[in-house]
Every structure is written in structure tokens, then in C-alpha cells.
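Okay, so subunit A shows up in both of these, paired with subunit B first and subunit C after.
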Partner chain A sequence: MRNGTKLAKHFSMSDHLLKFGVLYLLVLLIAVASMMSRQFLTAQNALNVLRQVSPVIILALGEGIVIITAGIDLSVGALVAMSGMIAAGAVSFWNLPTFAAVLLAVLFGIVFGLLNGIIIAKFNISAMIVTLATMNAARGAAYLYNDGAQIIGLPDSFTDIGRGYLGPIPIPAIIMIILVILMVLLMNQTVLGKYLYAIGGNEEVARLAGIGVLKTKITAYAICSMFAALAGVIYAARMNMGDPAMGEGLEMDAIASVILGGINLYGGQGSILGAVIGAMFITVLGNALNLNGVSSFWQLVVKAVALIVAALIYTKKKV
Partner chain B sequence: MKKKSFCSVLALILVLTLLAGCGQEEKTPQEEPSKASAEPTQAPAAPSEQKDTPAPEAAGDNPIIGFANYSTISYFMDMGAAAHKTAADAGCEFHELYHGGDASVMVDQVEDLIAMGCKILITEETDDTSMVKTFNELKEKGIIIVSCDIRTKEGVDYWIASDNKQIGRTSGENAVAYLTEKYGEAKGTIAILSSKTTTSMIDRAEGFKEVVAEYPGIEIVDEQFPTDFSAVNMMTLTDDILQVYGKDSLDVIFASNQTQVEGANSAIVTAKRQDVALFGVDDSDAIYEALKDPNSTLQSTVVQDPIAMGVQAVTAGLALYRGETFESDTYNPDVVLVTRDNVADYMSEKAAQVEALKDYYN
Partner chain C sequence: MEQPNRGQIVAELQDISKRFGGTVALNQVSLTLKKGEILGLIGENGAGKSTLMNIMSGALRPDTGTILLNGKSFSHLTPAQASQYGVQIVHQELSLLPDMTVAENIFLGKELQKGPGFIRKQECRDRARKILEQFEIDIDVDQKVAELSSAQKQLVEICKSLAGTIEVLILDEPTSSLTEREMVSLKRILPILREQGAGIIFISHKLDEIKELCDSIAVLRDGNLVRREQTGDVTIENMVQFMVGRDIHDEYSRPRFQGDRKLVLEIRDLSSKQYGEVELKGLNLKVYAGEIVGIFGLIGSGRTEMIKALHGLRTIQQGTVLVGGKQMEKLTPKRMISEGVAWVTEDRRHEGVCLSMSVKNNIGMPIYGQVSKMGFINNRRLNETVERYMKHLSIKTSGENAWAETLSGGNQQKVVLAKWLALGPQLLILDEPTRGIDVGSKSEIHRLIRELRDEGMAVLAISSEMPELFSLADRILVMRNGSITGEIPRQAGESVSEEAVMKLATLGA
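Take a look at the complex of A and B:
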């Protein structure tokens, strides 16, 4: 009986860590950073971090649902550049209203994601190979779009998406919060959410259970790319330019956020909110290290250690 | 039927969005994006006006020229286009490849260029050392090597580089003048965005610090050495620097390359920190726009002359190939300080130069 209680406690602790491990790490990080830098725990820095983390969270949300289906999308960083170029080109070259430019970029993202999803799901090709190829295609297209040149001359209505505020809250943060709420609802309250987990858990069983695996996987990639396109618009607005070199390496930040957030890289497990907290952890860590003047060489090491610690926690939990 | 319609709509959206860019009037990098109309005052000499050496003329033996270029940012593309035009004017075949800063890729590309029959090799190397062995092997085969933008002359026949310390000194003098005007004396605080790995940026920061060191009232309070120079990362880093140094506690940020300037400018504008003046190096359309933007605090940028460098690379390479001798094996092109006052004139003149090269961009 006593052994049974111990076992129950062990599993209960494991589950708890699985759900909240990175959250505890984030709280610990905030506590330590607050003690080490007086600038860290200020309203101004909180808004600064909120602005910095918003596009990363948006990318992580999309990457999260793809990874929940046991897939991966390496093309999101390049899509950030391409969608930023499309939106910037639409307002700068075509003089389209900002709303239409954003819509165009998002539509492009959806179409791009649908193509990713169709190639991966319909032809059963490895997601890593397909999105590696489309990553290069998107980066190349971003350079071809304006002969390798940046697109400038963006109106204030556009740059406000990245630089503006609604009250004291940065506009990117408002967009991010809305998307987080929608994604939490989608993953927890809809049939699509259940299908995504089911496919990631065991695709064959999901298929036998009558789930439309093809459509669901394509939808996941379309949502992922749509979010990447939105992040691209935010970055272009913040930087006041469409830049074909933008977003290099952001796919790694998105994937790291998802892993830190406890979403299983093999699919089927983890919470989309975990990806949000993972992205926050990475951004807050970078902010805290910068505020304390830590060398960028050491920052790479610290971030690597954080990723390994998170991986160890989740590996231990699954035992 | 439904599927066909769906696919048609997808295809239409893709085509339309891509056409948004392609439908533009032909635009080359660095082209004047707005309507600057003032007459040029201090633009670098046009390719046909280079005085150091005569432009090469077509001859019976016209070697194939290869350029292992760095990347597709405007600086390198301008250099490539100028080299391409000079080679074409001399009746030479020209090939250009981009290695993206990866030394291993560059080694492969150099081999590809030699396989294409190139007798003159122009290079934009990633660092001072990684190509030395390859160059020594190529020299034994009689290949003429013209190197751009590194610190060492080892293994090369002709060496072209802006004086990066001078670039830093020029920016430093401009920053000191700004602080003197702001406070009535040379005093204030400066943060520097630099590098520990990229030699040109190291030299620029050193040149900047050399000037500032002469003024005891000016203090360098922060120096950052990022590993990731992307504009987004530079923006995030500057966001955080601005948190550390609150309002009126930081006067100047010196950014030592294009992406650092772009990122720092974006962070300063977003934070509405008009108290922090930005001094930069390198140029891009976005940097020129910032120099004209009243919300930006970018005061100046020091630009190199990639067009003159591209012209000189081919000119020197051809001369050496034909057995001619030069007074020097080195060419240091002039650098130009572009400020808020002269940016329109400079852009106008640069646009004219780029227009003349428009058929030669890769």
C-alpha cells in the first residue's frame, strides 16, 4: 500500500513536471534575473520583452501544431522574409492599403503552407526534406522578388503593426495574445485539435479511426505558414523594410521554443501553451543575459544548457 | 470540379503575389528609392573615370575572369556589377558566384571557377586565413588572384581594401563633433556594436575608439560583440541596451556594419529614444531612408566605394595577367561620410552610377 502511494506520488510529480516544468524554469529565471539586474523587473522592460517575444510566440504556435502531428517545418524563417517582402511590396509598389497588404501576405502564407502540406501528406515525403527544400525556395523567391534589394518607403499605417502601441501595449503583443487564445481554443475545444494530437500519437491508428489524416496534416502546415507570414509582416513593419535576408535562423528559435515547452518532437504530446512559455523562456533568457552584459559567446552556451536541461526533464518524465 | 477550382485559386494567389514584385519597373540594388533631385556633390568617381590605372582594352588574349563574391547584399552586388562591366568592356568572359560567408563553400566555388577556365580570380574572402593554402596552389598554376576586403596580402597578387580603421576614425570624428555641439564640449557616453570575429568590424571599432580616446570627457560605457549579425538580432540587442541605459544616460551608439545600423535604428525609433544618436558604417536603401527620416536619430554613415573596387579588381587583374607592373600591389579606395545633410545628393549620384551598371548585375 505504501509502495502504491509512493508510485502514485512519483507519477503525479512526473505529470506535474511535464505540464509545468518550463514554467517553473521561467519563474526561476525571472527571479534570478530580477536579483541580478535592477532594470529587468520594470514595466518598461516588460513591454520591451513583450514586443520582442510576440513574433517568436506566433512562429512557435504554428511550429507547435505541426510538431504535435509529428511533423516539422523548417521553412518558417524564410517565409518570414518572403511574406515581409510581399506585404512591403504591396504597400510600397502597389500602394495597397495596409489591411489588403497584410491579407495578401497571409494568403500567400496559407497557400505556401498548403503546398508544404500537400507534398508532405499526399506523397508521404519526409517533412524535414520537403520544408528544407521549400525553405530554400522561399528564401530564393524573397531575393528574386526585388532583385535582392530591400523594399523601403513603407507608410506609418504599416510600420505601426510592428512599432505601434494600443494604449501601453505594443500592437504585436495584442496580435500575439489573440492568436494564443484562438490556438488554445482550437487545440482544446475543437475536433481538429483532437485530430492533430491523434495523428501525432499514431497516424495509422488515427487513419483506422476514420480521421481525415491528409486534410488534417495539410491544415496544420497551412496554419503554421499562415502564422509565419504574420510574423513576417510584424518583422517587416518593425524594421521598416522588406528584407530578403530577414528571418534567417528563426525556424530554430521556433523549434527550440516548442521543445522547451514540452511538446514531444515525435508528436502527439504537449500543450500549445507550452510552446508559448518556451518562446518566453528563450526571449527572457536573452533579455536577462543582455541586461547583465553577458558575452554573446557565453549566451550561446547558456541557451544550449537550458535546452538540454529541458530535454532531460521531459525525457525523465516519460520514464 | 471543386478540387480544380480550389487549385486554380491557389495558383492565382501565388502568381498574383509574386507578380507584385516582378511587376515593378526594373529596379537594381541601391537605386534611389525616392525623388532626390539635388545635384551630386561628392559621389565617388564613375567607373569610366577611375584614374589609378587605365581601363583595360580588349586584346587578343582575353582571359576568363571569375569572382568568388560574398553575398547578395547591395555592397557586394555593386562590386560584382562594376567588375562585370569592366570585364565586358575589355572583352572578357565573366563568372560570379556567391559563397555566403562559408569558407568551405568558397573553396568549392573557387575550384568551379577554375574549372570554368578562369585565369583571373577575384575574391571576397570570409576571413584572413582560410584561403591562403588554396591561393598558393592556384598561384603555382599561374592564376592571378585579386583579393578584396581582408587584412592579409598573403597568397594574393593584388590587394584591395578600404581602410577600415579610417572608416571608424571618420565616424568617431563625426560622433565627437555631434557631442561637442550637444554639450558645448566633448563629453558624453557611447555604446559600441562591434565584433570579435569579423576583421573589418574589429578595425572599424578600433578606429572609432582611437578618436574617442583623445577626449577624456567621453566614456565608452558598453561594447557588444554579437555572434549573430542579423538585423533582427541587432534590433533585439539594441532594445536591451536601451533598457540598461535609460533616458538621457546614453548619448551615442556606434554600429559597425549594415545590419547593426538597421537593427539599432529600428530599436531606437520604436523606443522613441531621440536622446540616443546613431552613427553607422555601410549603406543600404533602408539606411539612406533612415538618414532622411525625422523620427530616426541616425546621424551619419561611412560608406565604401564598391564600384571603384570592382573596377580596380578587374583592371589590376588584367594588367598583371598581361605582365604589366603596378607601382603598388595595394588599392585603398576612398570612403565617404554620408550625413543627413548630403544624403540626397549622394543618393542621386549613386543612383546614376547604379543605372549605368544595371545590365551587369548578377
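Take a look at the complex of A and C:
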């Protein structure tokens, strides 16, 4: 009897749609895009999209775990610019080897995230305010770093991170796939993953269960910024330059991916894979609009509508 | 199994004091607990029981005092430390995460691990299943907690405390929402834990349970430990006297309202069903001017849900609501207020007062419209009204501009009352009007409610404290499982038996 009701619950249409809805939407979007543009469903474009989507997915993974703890991080877009500048500066000004430059940028990301996390968790200040502030600080620092100028002329070993291939697969995609696997493991198999959900579900319950709320929240922001820094390196490598204006509005893409992917904006619920699919949706949408000659200004509006609609659908279900 | 050292002290609290704002919650309380002892901790609501236990389990920090666990001394504990030293607590309010499974909840914060932070999922599930079996509880460990009934949740809450090592087990009113069958499980598990040498602290308002289960009792009254006795030496009547500190006498007085006994509120055949909440099944209710109707029901009886439905905060399948003889077309809080219905909710801190606003602004909130012209507030009129009610209810503050946060619980509740009374309602709905406030303010609020009744106001009072209803209500309606199972009229001088009420609340008519 109980099994019966459980099954019924499992297959209830609305739950199912909520869980996999964005996946169906993605399929639908691909179908429509293929019909509207002949270039869309080509191997060339598929690889192009795969390369485009990789850093967005990496951003969404980090943003996803922060939102699962009922937090938010607005600083990821600006951090992309700053870490891109650091990595580009390291290879071009200081002639550091590529791996050292990447390491430096990622370390900077971790420190930046720790700072975000400590201010938010330790001093109990709204994540929205703190990351709004640090977003501007990071953007400002990115401009200050080279007096507002871009850093160009980067070695091939560096640009390969964004442009290279391993066999047929773009290197950013390989980095992205490894991180997705790690994050899925983290969220489903580890204590830290459970604690992130628990804190988002009910911080007081988590505290009373003896969970180190402070440490866990700080870790979430550190991971988020670390991933954003890595995404920044990939963007810089792909563009063959450090650009202080890079990543403008990427926080919007990251947050939209997470919400589209069905992660509850108020924390505690949702799958990190949802964020991955959400990021694919956002990127494919942008790509399809591009191929059909829709201006990037209109793309902003379309993405905004998609985000609001997604938030509306998921919020409605909550009540 | 090794022989536990019975009689050895497992935990000791020394001179624990705690203040909340202006209220003294605990005053130099000392208490010892031995291995294998089941201690019943009793006291009226607000006596400090939960505060003391929250200090022992690390949820709260004491202002002064020492906690000794197995001889180790602490000035305060964190929840993780307490759990590590074997202090496990079953909270009065459920502390479960609805989106996680039963097994995940039971092992939250104490996950069995392997490698760098990986969870032994299978082992956690097996252990959780074993704990449930020990209780003979039939719940699937993979089910999400959101899908459980409230009694099942309560059982999971208890099981959660059994996942770690247990030196001290604290049960804070675990039985309020348990059914008879689940009580049997609990009564079986406590002696087993006692045999294993755990010290158990059991908080309950059901004194017969205390008498049955506990070896000894400790009585708290207004933050002071007033008695420590062996259960065998005292009767239930003694316990009640210790708790109240006076002989109980019926404070009930008959209504003196002489006017027209007009029907103020009528609910006809109200049914409301909503996923995950108590279902209301065909409720009928009448409240007349100049009377206090009391509603008694345990958790899950649907008492608060009824009031929510009345304000349109739940989906209503059928039924009619009439206020002052007028049928309500659409139910919303705003409509109800404009018909003169004031609702003092049960959750004072979240739904009653704005803690970071001044007393004046709290009281003024619903009457700004009445004291303003073209959107401009007439400050003189506002101040007059606020002052009148502050005086009338004798609210103790440093002034009308003091933050509500700085007031004691009792005075905060008076602020909430003042806010609604300023509207001049014809019906006052009170949900747990004196929860968690001190005895002094309590009797003041009771007196005030009686005065309002005598002036002709209709009052609907919900309470889970029977003595409160006995002293207030002119009629007591008992709710169970979303219906009203009986009505107990009052006659001055005639006492009502608690048993009769409890029987209606637990077994139905």
C-alpha cells in the first residue's frame, strides 16, 4: 500500500515536470533552433556551443552550491575579469609558466571567496549586500591592475586552456566535465554536501545538529569564487587577453542557470545537475538567438524573461 | 555488556542563570542527574524548563554558572560539544529537514564517514532502520520527512537523538503529538536506555506520565528550582501545588455583560483540506457578545487551522462564515479586520510584534488610517490613543519610544493586545494568549480579557493550557482531528474535570 502511494508520488506529473522540466525545454529549444537555422545542428556549432557553455557551467556549479545554502554571490562576473587579469598578467608581465599563472588566479579566487564567506557568515551580513560590494571592488581592481588597459599577447600554452582541443573535445569542456563529476560527488556522497543542503533547509536545525554552520558557509563561498576564478582563466585564454571589462553580467547567467535548473532560491532544495542543464539552456538560447541575428541587447531581455518565468514557476509550486 | 555504574553522577548544572532582555528566565538553578535515573522536569509554561535544557544541550549560552558532564566542567557548550559528550535532546519544536530522508535526518551532524568526508550511506540507512525497529516503528528510512504525519515526525525526532552516544537524553515534551500506540513505543525504550546507564530528563505537562515513568522530579517555578523529590514520595496533586506554588482555586467568574446577547461569529459546516495540514471536517461554531468561548485541543487538532481558514489563509471546500449576522463573501485578513475581528496570533515574535519597532509604532500600526487625514498622520491623536492603551494595559516600558525588543514577553504580549484593542473590535480571537510569559503578566492579561467580556466583547480563546481555559472560558469547546468533539458549559462554583476535557481531546466523544 505504502509502496503504491510512493510510486504514485514519484510519477506525479507536476513533480516530474519540475524536476526535469528544464531538460525538456532544452530539447524543445534545440528542436526549434534546428528548424530556424541550418547552421545550428552542425558538428561545428555543437563544438562551439560546448566551448561556450563550459565556463558558464563552471560558474553555475559554484553559484549553485551558494544558493543551496540560501545565499547568493553577485561577485562572480567581476571576479572573472579580475582573475583573468591576474592570470594574463602573470604569464605576460612576469613570464610565469602557465600552470603557475592559473594556480595564482585560482588561489586569488579562493582568498576572495573566503573573504566573502567570512564577512557574510561571521558577521551575519546579507550576502546580497556583501557580494554587491565585493563585485564592485573586484571590477575596480581589474581596471586598476593595468591602468584600465587590456593585457594582450599571451603564450599558446596559456591560450590553449580556452582554445585547445584534446582529440575532438575542447579543453574547457574537459575541465568542466571533471568539475561537474566532482561537484555531483560532493553534493550527493559527502558530509559537506549534506551540510550545505541542511543549512539552506533550516540554519537553526543545522546548528542544533552540531553542524559547523560558519565553516560550511565560508567553504561554499570559497568554492564558488574558486570556480569563478577558473572560469575567468578560461575566458582570458579564449579571448587571448586579460580584459577588465570581461564577464560583465555573467552573474546574471550564473544565477539564471541555477534558478532555471530548479534549485530553490531560498535554499535547501535542488540538484546541482539542474544548474548544469540550466546553464546549457541559457547558452543554447543565446547561441540560437545569435544565429538568427537577434541583437545581444534583445538577448538580455529574453534571458531576463526566462529567469522571471522560471522563478515564477518554481515559487508557485512551493506554496 | 559492561555494568553501568548506577547512581554515579553523569551531569550536573551549577548555579545556572539566564536573562532574556528584562526577563529572568533562570535564577541560579542547580541540578544533578545520575546514571540510570529518569528525572521528570515539571513547571508551568514559562517556568524555564526549555531554557535550562537548551543550556544543557548547547543551544543557549548561560549568563553565569557551570555545566559538568562526566566530571568535565564547561562554562557553556556548543551543540556539537554537547552531542560529543553524549547529551542528546529531543526538541519541543520539531528540528527536522523536510526535504531530507528519514535516515539523513536521523544522522544529521553525526554522519558515519569514510575517506575524506564521504558518507557511508548504506550503513547510515541500516543503523537508522535498526533504531526504528528498536521502537517497532514502521517508517521507511528512505522516505522524505515532508511526507510523514506529525506523529511520525515526532518519532523520527526522538530517533534522531538515539543515533549518537547517549549519556544524557533530554525529552522536551515529546508526547504532546504522539498517539497511544506510539506512547507505548516510548515507554518501552526509556527503561532500555536506563538499563544502559543513560540519565534521562523528561519534560511533560502530563503529570500522570511523569508519575508513571520517572524516578524523581524537579520542579521549576518562575526560573527557580523549587523542589527535588523522589516520585514515590509525592502525589500528582503535590506536583501541581509545587508547580503553581499555591493551592489551585477556581478563578472563574460568570459574565456580567447585561446587553443584547448578539451572535457575533457563526461558522457553519466549514470544511478545509490542504496538503500536509490538518483537515477541518464540517466545523460549526457560534460566539456571542459578552462571552468567552474557550477552545482546547492538542497539537494537530486543527485549532489554529480553523482560525487561519476563517481568515481565508487556507483553501476552503465548503462552509459559511457570518460576522455580526452578515455573511462574508470573501475571507481575507483585511475583510475580517474591517468587520471588527481582531486576531492575536500564537507566534508573538514572528506574527505579533515588530521587535525592532517602538511600542508606539507597534500599537499604532492598525490605526494609522483612523488617525490621519489625506495620508498625514495626526500625531496628537495617535499619541493619545497609544498612551491610553499603554495605561489601560499597564505596559511596563521605559517609554512609548522603547523598542518592543527590550520588553519582557508579558509586556510584548500586552503590546500586541493593545494594538488590536485600539481598533475597537467586536470579536477578539486569542491564540495561546499567555504562552511563555510570567505568572504575573498572565493573571493581568486574564483579568483584562474578563473585563473586555464584561464590557460586551466576544472572545474566542484557544489554549493548550487547561487551567487557563478553566479560569477564562464561559464555554469550552474541545477539538480533535479537525472537528469539535464536545462542549463543556460552565457553572460558577462547579469545577470541571480535566479528565473529561482530555478524554474529548484524545479519544473524541
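Methods note: the second predicted complex is superposed on the first by the 290 of 319 C-alpha atoms of A that agree within 3 Å, B and C clash if a C-alpha of one lies under 4 Å from a C-alpha of the other, contacts with A are read in each partner's own complex, and residues count from 1 in each chain.
The rule is short, and it goes like this: contacts are C-beta pairs under 8 Å (C-beta built on N, C-alpha and C of every residue); 3 or more make two chains touch, one makes a residue touch a chain.
Keep in mind that this is a model prediction, so the values were computed, not measured.
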| item | value |
| --- | --- |
| Contacts of A:155 with subunit B and subunit C, given as first, second, both or neither | neither |
| Contacts of A:291 with subunit B and subunit C, given as first, second, both or neither | first |
| Subunit B versus subunit C as contact partner of A:146, first or second or both or neither | first |
| Partner chain(s) touched by A:197 [first = subunit B, second = subunit C, both, neither] | second |
| Touching partner for A:248 - first (subunit B), second (subunit C), both, neither | first |
| Subunit A: partner with more touched residues, subunit B or subunit C | B |
| Common interface positions of subunit A, toward subunit B and toward subunit C | none |
| Parts of subunit B lying in touch with subunit A, wherever the complex brings them together | 10, 13-14, 16-18, 20-24, 26-31, 33-34, 72-74, 77, 196, 222, 224-228, 230-232, 235-237, 239-244, 246, 259, 262-263, 266, 269-271, 284-286, 289-290, 361 |
| Partner subunit A, residues of subunit C touching it in the complex | 57-59, 78-80, 82-84, 91, 95-100, 104, 108-111, 113, 116-119, 121, 140, 143, 147 |
| For the subunit A and subunit B complex, residues of the former touching the latter | 37, 39, 42, 44-45, 48, 51-52, 85-86, 89-90, 93-94, 104-105, 107-108, 111, 114-115, 141, 143-150, 152-153, 162-163, 235, 238-241, 243-250, 286-287, 290-291, 293, 295-297, 299-300 |
| List of subunit A residues in touch with subunit C within their complex | 2, 6, 9, 189-192, 194, 197-198, 201-202, 204-212, 268-269 |
